[in-house]
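Labels A, B, C, D, E and F are assigned to the chains in the order they are written; within every chain, residues are numbered from 1.
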Amino acid sequence: MASNEVWLESLITATPQEGRALAILMARKTIGAIQSDPEIKKALREKYATDSAQLIASAEVVAIEFRTVAEANNYWRK
Amino acid sequence: MASNEVWLESLITATPQEGRALAILMARKTIGAIQSDPEIKKALREKYATDSAQLIASAEVVAIEFRTVAEANNYWRK
Amino acid sequence: MASNEVWLESLITATPQEGRALAILMARKTIGAIQSDPEIKKALREKYATDSAQLIASAEVVAIEFRTVAEANNYWRK
Amino acid sequence: MASNEVWLESLITATPQEGRALAILMARKTIGAIQSDPEIKKALREKYATDSAQLIASAEVVAIEFRTVAEANNYWRK
Amino acid sequence: MASNEVWLESLITATPQEGRALAILMARKTIGAIQSDPEIKKALREKYATDSAQLIASAEVVAIEFRTVAEANNYWRK
Amino acid sequence: MASNEVWLESLITATPQEGRALAILMARKTIGAIQSDPEIKKALREKYATDSAQLIASAEVVAIEFRTVAEANNYWRK
(Lines give C-alpha, C1' and ligand atoms only; values in the text may rest on other atoms or scores of the structure.)
Protein backbone atom coordinates (compact mmCIF):
# COMPACT_ATOMS: atom_id res chain seq x y z
CA MET A 1 0.00 0.00 0.00
CA ALA A 2 1.08 3.53 -0.71
CA SER A 3 0.54 4.72 2.85
CA ASN A 4 0.81 3.19 6.26
CA GLU A 5 -2.60 4.54 7.27
CA VAL A 6 -4.49 2.03 9.43
CA TRP A 7 -8.10 2.02 8.22
CA LEU A 8 -9.19 -1.48 9.29
CA GLU A 9 -8.96 -1.84 13.04
CA SER A 10 -11.73 -4.41 13.31
CA LEU A 11 -14.38 -6.25 11.28
CA ILE A 12 -16.91 -5.79 14.09
CA THR A 13 -19.65 -3.22 13.53
CA ALA A 14 -22.63 -2.25 15.67
CA THR A 15 -25.27 -2.81 12.97
CA PRO A 16 -25.74 -4.53 9.58
CA GLN A 17 -25.99 -1.09 7.99
CA GLU A 18 -22.54 -0.18 9.31
CA GLY A 19 -21.36 -3.55 8.01
CA ARG A 20 -22.48 -2.52 4.51
CA ALA A 21 -20.57 0.75 4.81
CA LEU A 22 -17.46 -1.18 5.89
CA ALA A 23 -17.79 -3.58 2.93
CA ILE A 24 -17.93 -0.61 0.53
CA LEU A 25 -14.90 0.93 2.25
CA MET A 26 -12.96 -2.34 1.93
CA ALA A 27 -13.62 -2.51 -1.80
CA ARG A 28 -12.57 1.12 -2.28
CA LYS A 29 -9.40 0.72 -0.23
CA THR A 30 -8.27 -2.18 -2.42
CA ILE A 31 -8.61 -0.03 -5.50
CA GLY A 32 -6.75 2.75 -3.70
CA ALA A 33 -3.97 0.30 -2.83
CA ILE A 34 -3.49 -0.58 -6.50
CA GLN A 35 -4.04 2.91 -7.95
CA SER A 36 -3.06 5.62 -5.46
CA ASP A 37 -2.98 8.65 -7.79
CA PRO A 38 -5.98 10.86 -6.78
CA GLU A 39 -6.48 12.33 -10.27
CA ILE A 40 -6.50 8.92 -11.98
CA LYS A 41 -8.78 7.48 -9.30
CA LYS A 42 -11.27 10.33 -9.80
CA ALA A 43 -11.31 9.82 -13.57
CA LEU A 44 -11.77 6.06 -13.19
CA ARG A 45 -14.55 6.57 -10.67
CA GLU A 46 -16.46 8.78 -13.10
CA LYS A 47 -16.08 6.03 -15.66
CA TYR A 48 -17.36 3.08 -13.66
CA ALA A 49 -20.14 5.08 -11.96
CA THR A 50 -21.77 5.60 -15.35
CA ASP A 51 -21.18 2.11 -16.76
CA SER A 52 -23.85 -0.37 -15.73
CA ALA A 53 -21.64 -3.44 -16.22
CA GLN A 54 -18.94 -1.97 -13.98
CA LEU A 55 -21.49 -0.95 -11.36
CA ILE A 56 -22.75 -4.53 -11.23
CA ALA A 57 -19.17 -5.79 -10.92
CA SER A 58 -18.61 -3.33 -8.06
CA ALA A 59 -21.75 -4.60 -6.35
CA GLU A 60 -20.33 -8.12 -6.59
CA VAL A 61 -17.14 -7.09 -4.81
CA VAL A 62 -19.17 -5.40 -2.05
CA ALA A 63 -21.34 -8.53 -1.70
CA ILE A 64 -18.23 -10.68 -1.20
CA GLU A 65 -16.69 -8.30 1.32
CA PHE A 66 -20.01 -8.03 3.17
CA ARG A 67 -20.21 -11.79 3.54
CA THR A 68 -16.93 -11.73 5.47
CA VAL A 69 -18.07 -8.81 7.62
CA ALA A 70 -21.45 -10.44 8.32
CA GLU A 71 -19.78 -13.69 9.33
CA ALA A 72 -17.35 -11.84 11.63
CA ASN A 73 -20.35 -10.24 13.33
CA ASN A 74 -22.25 -13.52 13.57
CA TYR A 75 -24.83 -11.90 11.27
CA TRP A 76 -25.77 -9.42 14.04
CA ARG A 77 -28.11 -12.08 15.43
CA LYS A 78 -29.53 -11.09 18.82
CA MET B 1 -23.31 6.67 1.05
CA ALA B 2 -25.15 9.71 -0.23
CA SER B 3 -27.83 9.58 2.45
CA ASN B 4 -27.99 8.49 6.03
CA GLU B 5 -31.13 6.46 5.42
CA VAL B 6 -31.09 3.21 7.42
CA TRP B 7 -32.40 0.49 5.12
CA LEU B 8 -30.75 -2.60 6.64
CA GLU B 9 -31.93 -3.09 10.21
CA SER B 10 -31.50 -6.85 10.20
CA LEU B 11 -30.59 -9.80 7.97
CA ILE B 12 -33.39 -11.87 9.53
CA THR B 13 -36.49 -12.45 7.39
CA ALA B 14 -39.61 -14.50 8.04
CA THR B 15 -39.39 -16.60 4.88
CA PRO B 16 -36.90 -17.59 2.12
CA GLN B 17 -38.96 -15.55 -0.33
CA GLU B 18 -38.47 -12.42 1.79
CA GLY B 19 -34.79 -13.34 1.92
CA ARG B 20 -34.67 -13.20 -1.89
CA ALA B 21 -36.30 -9.76 -1.84
CA LEU B 22 -33.73 -8.57 0.70
CA ALA B 23 -30.85 -9.92 -1.43
CA ILE B 24 -32.15 -7.97 -4.44
CA LEU B 25 -32.51 -4.85 -2.28
CA MET B 26 -28.94 -5.22 -1.02
CA ALA B 27 -27.58 -5.40 -4.56
CA ARG B 28 -29.61 -2.34 -5.62
CA LYS B 29 -28.56 -0.30 -2.59
CA THR B 30 -24.88 -0.87 -3.39
CA ILE B 31 -25.39 0.49 -6.87
CA GLY B 32 -27.30 3.43 -5.38
CA ALA B 33 -24.42 4.07 -2.98
CA ILE B 34 -21.98 4.38 -5.89
CA GLN B 35 -24.28 6.19 -8.33
CA SER B 36 -26.88 8.28 -6.51
CA ASP B 37 -28.15 10.42 -9.40
CA PRO B 38 -31.75 9.24 -10.11
CA GLU B 39 -31.64 10.13 -13.80
CA ILE B 40 -28.37 8.30 -14.43
CA LYS B 41 -29.57 5.30 -12.39
CA LYS B 42 -32.75 5.10 -14.46
CA ALA B 43 -30.81 5.20 -17.74
CA LEU B 44 -28.36 2.54 -16.53
CA ARG B 45 -31.21 0.35 -15.34
CA GLU B 46 -32.81 0.44 -18.78
CA LYS B 47 -29.49 -0.59 -20.21
CA TYR B 48 -28.74 -3.61 -18.02
CA ALA B 49 -32.35 -4.82 -17.99
CA THR B 50 -32.14 -5.40 -21.73
CA ASP B 51 -28.63 -6.84 -21.86
CA SER B 52 -28.52 -10.57 -21.17
CA ALA B 53 -24.88 -10.58 -20.02
CA GLN B 54 -25.56 -7.84 -17.49
CA LEU B 55 -28.72 -9.57 -16.28
CA ILE B 56 -26.71 -12.72 -15.63
CA ALA B 57 -24.08 -10.66 -13.78
CA SER B 58 -26.86 -9.09 -11.69
CA ALA B 59 -28.19 -12.54 -10.87
CA GLU B 60 -24.73 -13.49 -9.64
CA VAL B 61 -24.63 -10.56 -7.22
CA VAL B 62 -28.08 -11.50 -5.90
CA ALA B 63 -26.96 -15.13 -5.47
CA ILE B 64 -23.97 -14.00 -3.38
CA GLU B 65 -26.05 -11.66 -1.23
CA PHE B 66 -28.70 -14.36 -0.76
CA ARG B 67 -26.11 -16.80 0.52
CA THR B 68 -25.31 -14.39 3.36
CA VAL B 69 -29.00 -13.81 4.11
CA ALA B 70 -29.74 -17.55 4.04
CA GLU B 71 -26.89 -18.29 6.41
CA ALA B 72 -28.01 -15.53 8.80
CA ASN B 73 -31.44 -17.17 8.87
CA ASN B 74 -30.02 -20.65 9.33
CA TYR B 75 -31.59 -21.46 5.95
CA TRP B 76 -35.09 -21.07 7.44
CA ARG B 77 -34.85 -24.68 8.62
CA LYS B 78 -37.70 -25.62 10.93
CA MET C 1 -40.65 -8.03 -7.85
CA ALA C 2 -43.35 -7.53 -10.43
CA SER C 3 -45.72 -10.03 -8.85
CA ASN C 4 -46.44 -11.20 -5.36
CA GLU C 5 -46.21 -14.84 -6.41
CA VAL C 6 -44.56 -16.98 -3.73
CA TRP C 7 -42.21 -19.36 -5.52
CA LEU C 8 -39.67 -20.08 -2.76
CA GLU C 9 -41.39 -21.72 0.19
CA SER C 10 -38.31 -23.62 1.33
CA LEU C 11 -34.70 -24.39 0.44
CA ILE C 12 -35.19 -28.02 1.44
CA THR C 13 -35.42 -30.58 -1.37
CA ALA C 14 -35.71 -34.35 -1.30
CA THR C 15 -32.68 -35.05 -3.50
CA PRO C 16 -29.54 -33.33 -4.87
CA GLN C 17 -31.10 -33.45 -8.33
CA GLU C 18 -34.09 -31.46 -7.11
CA GLY C 19 -31.63 -29.10 -5.48
CA ARG C 20 -30.07 -28.47 -8.91
CA ALA C 21 -33.50 -27.71 -10.36
CA LEU C 22 -34.17 -25.27 -7.51
CA ALA C 23 -30.81 -23.54 -8.08
CA ILE C 24 -31.68 -23.05 -11.76
CA LEU C 25 -35.13 -21.72 -10.79
CA MET C 26 -33.57 -19.25 -8.34
CA ALA C 27 -31.28 -17.86 -11.02
CA ARG C 28 -34.16 -17.51 -13.48
CA LYS C 29 -36.44 -15.84 -10.95
CA THR C 30 -33.83 -13.15 -10.27
CA ILE C 31 -33.67 -12.32 -13.95
CA GLY C 32 -37.47 -12.28 -14.05
CA ALA C 33 -37.50 -9.90 -11.09
CA ILE C 34 -35.29 -7.42 -12.95
CA GLN C 35 -36.78 -7.89 -16.43
CA SER C 36 -40.45 -8.92 -16.23
CA ASP C 37 -41.49 -8.30 -19.85
CA PRO C 38 -42.11 -11.79 -21.39
CA GLU C 39 -41.19 -10.72 -24.93
CA ILE C 40 -37.90 -9.14 -23.89
CA LYS C 41 -37.08 -12.12 -21.64
CA LYS C 42 -37.66 -14.53 -24.53
CA ALA C 43 -35.40 -12.53 -26.85
CA LEU C 44 -32.67 -12.31 -24.21
CA ARG C 45 -32.93 -16.02 -23.52
CA GLU C 46 -32.38 -16.84 -27.19
CA LYS C 47 -29.32 -14.62 -27.07
CA TYR C 48 -27.58 -16.09 -24.03
CA ALA C 49 -28.49 -19.69 -24.90
CA THR C 50 -26.38 -19.42 -28.03
CA ASP C 51 -23.48 -17.47 -26.56
CA SER C 52 -20.90 -19.70 -24.89
CA ALA C 53 -19.53 -16.96 -22.63
CA GLN C 54 -23.01 -16.17 -21.32
CA LEU C 55 -23.79 -19.84 -20.83
CA ILE C 56 -20.68 -20.20 -18.71
CA ALA C 57 -21.67 -17.11 -16.70
CA SER C 58 -25.13 -18.63 -16.19
CA ALA C 59 -23.54 -21.85 -14.97
CA GLU C 60 -21.59 -19.81 -12.43
CA VAL C 61 -24.78 -18.29 -11.02
CA VAL C 62 -26.35 -21.74 -10.74
CA ALA C 63 -23.22 -23.06 -8.99
CA ILE C 64 -23.44 -20.27 -6.39
CA GLU C 65 -27.16 -20.79 -5.80
CA PHE C 66 -26.64 -24.55 -5.56
CA ARG C 67 -24.03 -24.12 -2.85
CA THR C 68 -26.64 -22.38 -0.68
CA VAL C 69 -29.25 -25.05 -1.41
CA ALA C 70 -26.77 -27.86 -0.71
CA GLU C 71 -25.76 -26.32 2.59
CA ALA C 72 -29.41 -25.86 3.61
CA ASN C 73 -29.94 -29.56 2.95
CA ASN C 74 -26.76 -30.57 4.80
CA TYR C 75 -25.53 -31.90 1.44
CA TRP C 76 -28.22 -34.61 1.48
CA ARG C 77 -25.86 -36.72 3.60
CA LYS C 78 -27.53 -39.83 4.94
CA MET D 1 -34.49 -29.41 -17.72
CA ALA D 2 -35.10 -30.96 -21.09
CA SER D 3 -35.09 -34.52 -19.79
CA ASN D 4 -36.03 -36.22 -16.57
CA GLU D 5 -32.73 -38.08 -16.46
CA VAL D 6 -31.41 -38.36 -12.90
CA TRP D 7 -27.67 -37.67 -13.07
CA LEU D 8 -27.01 -36.43 -9.53
CA GLU D 9 -27.86 -39.12 -7.02
CA SER D 10 -25.36 -37.95 -4.43
CA LEU D 11 -22.58 -35.43 -3.78
CA ILE D 12 -20.50 -38.11 -2.07
CA THR D 13 -17.51 -39.47 -3.99
CA ALA D 14 -14.83 -41.95 -2.99
CA THR D 15 -11.86 -39.70 -3.75
CA PRO D 16 -11.00 -36.02 -4.39
CA GLN D 17 -10.26 -36.91 -7.99
CA GLU D 18 -13.78 -38.26 -8.45
CA GLY D 19 -15.01 -35.08 -6.79
CA ARG D 20 -13.26 -33.05 -9.52
CA ALA D 21 -14.95 -35.16 -12.19
CA LEU D 22 -18.33 -34.58 -10.53
CA ALA D 23 -17.72 -30.81 -10.37
CA ILE D 24 -16.99 -30.76 -14.11
CA LEU D 25 -20.12 -32.82 -14.76
CA MET D 26 -22.23 -30.42 -12.70
CA ALA D 27 -21.01 -27.44 -14.70
CA ARG D 28 -21.68 -29.23 -18.00
CA LYS D 29 -25.16 -30.34 -16.95
CA THR D 30 -26.16 -26.76 -16.18
CA ILE D 31 -25.16 -25.69 -19.66
CA GLY D 32 -27.08 -28.68 -21.06
CA ALA D 33 -30.13 -27.63 -19.05
CA ILE D 34 -30.11 -24.18 -20.65
CA GLN D 35 -29.06 -25.23 -24.17
CA SER D 36 -30.21 -28.77 -24.93
CA ASP D 37 -29.69 -28.80 -28.72
CA PRO D 38 -26.73 -31.19 -29.37
CA GLU D 39 -25.60 -29.41 -32.54
CA ILE D 40 -25.56 -25.98 -30.90
CA LYS D 41 -23.84 -27.36 -27.81
CA LYS D 42 -21.10 -28.91 -29.96
CA ALA D 43 -20.50 -25.65 -31.82
CA LEU D 44 -20.40 -23.67 -28.58
CA ARG D 45 -18.02 -26.16 -27.03
CA GLU D 46 -15.59 -25.78 -29.91
CA LYS D 47 -15.76 -22.05 -29.37
CA TYR D 48 -15.05 -21.90 -25.66
CA ALA D 49 -12.41 -24.66 -25.76
CA THR D 50 -10.25 -22.45 -27.96
CA ASP D 51 -10.88 -19.15 -26.16
CA SER D 52 -8.60 -18.63 -23.18
CA ALA D 53 -10.94 -16.19 -21.42
CA GLN D 54 -13.82 -18.64 -21.64
CA LEU D 55 -11.63 -21.51 -20.47
CA ILE D 56 -10.68 -19.50 -17.38
CA ALA D 57 -14.36 -18.69 -16.77
CA SER D 58 -15.17 -22.41 -17.07
CA ALA D 59 -12.44 -23.21 -14.56
CA GLU D 60 -14.07 -20.75 -12.16
CA VAL D 61 -17.41 -22.54 -12.39
CA VAL D 62 -15.71 -25.88 -11.74
CA ALA D 63 -13.86 -24.39 -8.74
CA ILE D 64 -17.17 -23.22 -7.22
CA GLU D 65 -18.91 -26.55 -7.82
CA PHE D 66 -15.90 -28.41 -6.40
CA ARG D 67 -16.04 -26.40 -3.20
CA THR D 68 -19.58 -27.70 -2.60
CA VAL D 69 -18.57 -31.27 -3.42
CA ALA D 70 -15.48 -31.06 -1.18
CA GLU D 71 -17.54 -29.74 1.71
CA ALA D 72 -20.14 -32.48 1.26
CA ASN D 73 -17.33 -35.02 1.50
CA ASN D 74 -15.74 -33.33 4.51
CA TYR D 75 -12.72 -32.74 2.26
CA TRP D 76 -12.05 -36.49 2.14
CA ARG D 77 -10.16 -36.13 5.41
CA LYS D 78 -9.22 -39.48 6.91
CA MET E 1 -11.16 -36.12 -18.71
CA ALA E 2 -8.92 -37.15 -21.53
CA SER E 3 -6.72 -39.36 -19.38
CA ASN E 4 -7.21 -41.50 -16.34
CA GLU E 5 -4.20 -40.00 -14.63
CA VAL E 6 -4.80 -39.53 -10.90
CA TRP E 7 -3.37 -36.14 -9.96
CA LEU E 8 -5.46 -35.30 -6.89
CA GLU E 9 -4.90 -37.88 -4.17
CA SER E 10 -5.61 -35.53 -1.30
CA LEU E 11 -6.38 -31.89 -0.47
CA ILE E 12 -4.02 -32.04 2.51
CA THR E 13 -0.68 -30.25 2.17
CA ALA E 14 2.14 -29.72 4.65
CA THR E 15 2.25 -25.93 4.36
CA PRO E 16 0.16 -22.97 3.09
CA GLN E 17 2.72 -22.47 0.33
CA GLU E 18 2.15 -26.02 -0.91
CA GLY E 19 -1.56 -25.30 -0.70
CA ARG E 20 -1.08 -22.37 -3.12
CA ALA E 21 0.78 -24.65 -5.52
CA LEU E 22 -2.05 -27.19 -5.32
CA ALA E 23 -4.66 -24.48 -6.00
CA ILE E 24 -2.76 -23.41 -9.13
CA LEU E 25 -2.51 -27.05 -10.23
CA MET E 26 -6.24 -27.55 -9.75
CA ALA E 27 -7.05 -24.56 -11.94
CA ARG E 28 -4.66 -25.77 -14.66
CA LYS E 29 -6.01 -29.32 -14.57
CA THR E 30 -9.55 -28.06 -15.20
CA ILE E 31 -8.39 -26.22 -18.29
CA GLY E 32 -6.51 -29.35 -19.38
CA ALA E 33 -9.68 -31.40 -18.90
CA ILE E 34 -11.62 -29.13 -21.28
CA GLN E 35 -8.82 -28.50 -23.79
CA SER E 36 -6.39 -31.42 -23.92
CA ASP E 37 -4.54 -30.58 -27.13
CA PRO E 38 -0.97 -29.58 -26.08
CA GLU E 39 -0.43 -27.24 -29.04
CA ILE E 40 -3.70 -25.34 -28.48
CA LYS E 41 -3.06 -25.19 -24.73
CA LYS E 42 0.38 -23.68 -25.31
CA ALA E 43 -1.00 -21.03 -27.67
CA LEU E 44 -3.81 -20.16 -25.26
CA ARG E 45 -1.37 -19.94 -22.37
CA GLU E 46 0.78 -17.44 -24.24
CA LYS E 47 -2.36 -15.42 -24.82
CA TYR E 48 -3.67 -15.21 -21.28
CA ALA E 49 -0.20 -14.75 -19.73
CA THR E 50 0.12 -11.45 -21.56
CA ASP E 51 -3.43 -10.19 -21.05
CA SER E 52 -3.92 -8.42 -17.73
CA ALA E 53 -7.68 -9.04 -17.61
CA GLN E 54 -7.19 -12.78 -18.12
CA LEU E 55 -4.40 -12.90 -15.54
CA ILE E 56 -6.73 -11.31 -12.99
CA ALA E 57 -9.45 -13.82 -13.91
CA SER E 58 -6.93 -16.64 -13.44
CA ALA E 59 -6.00 -15.26 -10.04
CA GLU E 60 -9.69 -15.37 -9.11
CA VAL E 61 -9.92 -19.06 -9.96
CA VAL E 62 -6.81 -19.79 -7.89
CA ALA E 63 -8.26 -17.80 -4.97
CA ILE E 64 -11.44 -19.90 -5.05
CA GLU E 65 -9.54 -23.19 -5.27
CA PHE E 66 -7.22 -22.09 -2.46
CA ARG E 67 -10.15 -21.39 -0.17
CA THR E 68 -11.20 -25.04 -0.49
CA VAL E 69 -7.65 -26.27 0.09
CA ALA E 70 -7.19 -23.96 3.10
CA GLU E 71 -10.44 -25.14 4.65
CA ALA E 72 -9.48 -28.79 4.10
CA ASN E 73 -6.25 -28.11 5.97
CA ASN E 74 -7.99 -26.20 8.77
CA TYR E 75 -5.95 -23.17 7.60
CA TRP E 76 -2.73 -24.87 8.73
CA ARG E 77 -3.43 -23.55 12.24
CA LYS E 78 -1.06 -24.98 14.80
CA MET F 1 6.18 -21.38 -9.82
CA ALA F 2 9.28 -19.90 -11.32
CA SER F 3 11.14 -19.73 -8.05
CA ASN F 4 11.21 -21.79 -4.90
CA GLU F 5 10.88 -18.68 -2.73
CA VAL F 6 8.66 -19.34 0.29
CA TRP F 7 6.42 -16.31 0.69
CA LEU F 8 3.45 -17.83 2.52
CA GLU F 9 4.56 -19.25 5.85
CA SER F 10 1.22 -18.76 7.55
CA LEU F 11 -2.27 -17.31 7.05
CA ILE F 12 -2.22 -15.88 10.58
CA THR F 13 -1.75 -12.12 10.92
CA ALA F 14 -1.76 -9.87 13.98
CA THR F 15 -4.45 -7.47 12.72
CA PRO F 16 -7.19 -7.22 10.07
CA GLN F 17 -5.14 -4.55 8.32
CA GLU F 18 -2.22 -6.98 7.96
CA GLY F 19 -4.74 -9.52 6.70
CA ARG F 20 -5.68 -7.10 3.90
CA ALA F 21 -2.02 -6.69 2.98
CA LEU F 22 -1.61 -10.48 2.88
CA ALA F 23 -4.69 -10.86 0.65
CA ILE F 24 -3.24 -8.34 -1.81
CA LEU F 25 0.10 -10.18 -1.73
CA MET F 26 -1.62 -13.51 -2.42
CA ALA F 27 -3.36 -12.09 -5.49
CA ARG F 28 -0.10 -10.60 -6.79
CA LYS F 29 1.87 -13.79 -6.22
CA THR F 30 -0.60 -15.78 -8.32
CA ILE F 31 -0.12 -13.41 -11.22
CA GLY F 32 3.64 -13.65 -10.71
CA ALA F 33 3.40 -17.43 -10.79
CA ILE F 34 1.70 -17.33 -14.20
CA GLN F 35 3.69 -14.44 -15.69
CA SER F 36 7.18 -14.24 -14.19
CA ASP F 37 8.82 -11.87 -16.68
CA PRO F 38 9.42 -8.56 -14.79
CA GLU F 39 9.14 -6.38 -17.90
CA ILE F 40 5.85 -7.91 -19.02
CA LYS F 41 4.48 -7.77 -15.47
CA LYS F 42 5.31 -4.07 -15.23
CA ALA F 43 3.60 -3.29 -18.53
CA LEU F 44 0.52 -5.30 -17.54
CA ARG F 45 0.37 -3.58 -14.19
CA GLU F 46 0.34 -0.16 -15.82
CA LYS F 47 -2.53 -1.38 -17.96
CA TYR F 48 -4.81 -2.73 -15.27
CA ALA F 49 -4.06 0.12 -12.82
CA THR F 50 -5.62 2.58 -15.26
CA ASP F 51 -8.57 0.44 -16.35
CA SER F 52 -11.55 0.70 -14.01
CA ALA F 53 -13.04 -2.67 -15.00
CA GLN F 54 -9.75 -4.45 -14.29
CA LEU F 55 -9.33 -2.62 -10.99
CA ILE F 56 -12.77 -3.82 -9.93
CA ALA F 57 -11.86 -7.37 -10.99
CA SER F 58 -8.65 -7.11 -8.95
CA ALA F 59 -10.66 -5.96 -5.94
CA GLU F 60 -12.82 -9.06 -6.32
CA VAL F 61 -9.78 -11.34 -6.17
CA VAL F 62 -8.53 -9.56 -3.05
CA ALA F 63 -12.00 -9.87 -1.44
CA ILE F 64 -11.97 -13.64 -2.03
CA GLU F 65 -8.43 -14.06 -0.69
CA PHE F 66 -9.27 -11.90 2.33
CA ARG F 67 -12.24 -14.08 3.20
CA THR F 68 -9.88 -17.05 3.55
CA VAL F 69 -7.40 -15.03 5.61
CA ALA F 70 -10.16 -13.64 7.86
CA GLU F 71 -11.55 -17.12 8.46
CA ALA F 72 -8.08 -18.47 9.28
CA ASN F 73 -7.75 -15.71 11.88
CA ASN F 74 -11.23 -16.29 13.28
CA TYR F 75 -12.01 -12.75 12.11
CA TRP F 76 -9.58 -11.31 14.68
CA ARG F 77 -12.41 -11.49 17.23
CA LYS F 78 -11.21 -10.74 20.74
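Some observations on this one:
Operating definition for what follows: a residue touches a chain if its C-beta (ideal position, glycine included) is under 8 Å from a C-beta of that chain, and two chains touch if they have at least 3 such contacts.
Please read all numbers here as calculations on a predicted model, not as lab measurements.
The chains in contact with chain C as well as with chain E are D.
Here chain B and chain C face each other with different sets of residues for the most part; under half of the interface numbers are shared between them.
In the Cα superposition of chain A onto chain D, the rotation angle, rounded to steps of 5, is 180 degrees. When you average the Cα atoms of each chain and compare centres, the chain farthest from chain D turns out to be A.
Chain geometry summary: the mean Cα position of chain A and that of chain B are 16 Å apart.
In whole angstrom, the spacing between the mean C-alpha positions of chain B and chain E is 32. With centres taken as mean Cα positions, chain C sits 27 Å from chain A. Counting only residues that touch two or more partner chains, chain A has 48, 51, 53, 57-58, 60, 64, 67, 71. Judged by the touch criterion defined above, the protein chains form a single closed ring in which each chain touches exactly two others. Taken in their complex, chain E has these residues touching chain D: 1, 6-12, 26-27, 29-31, 33-35, 40, 44-45, 47-48, 51, 53-54, 57-58, 60-61, 64-65, 67-68, 71-72. Partner chain C is touched in their complex by these residues of chain B: 15-17, 20-21, 24, 48-53, 55-60, 62-64, 66-67, 70-71, 75-77.
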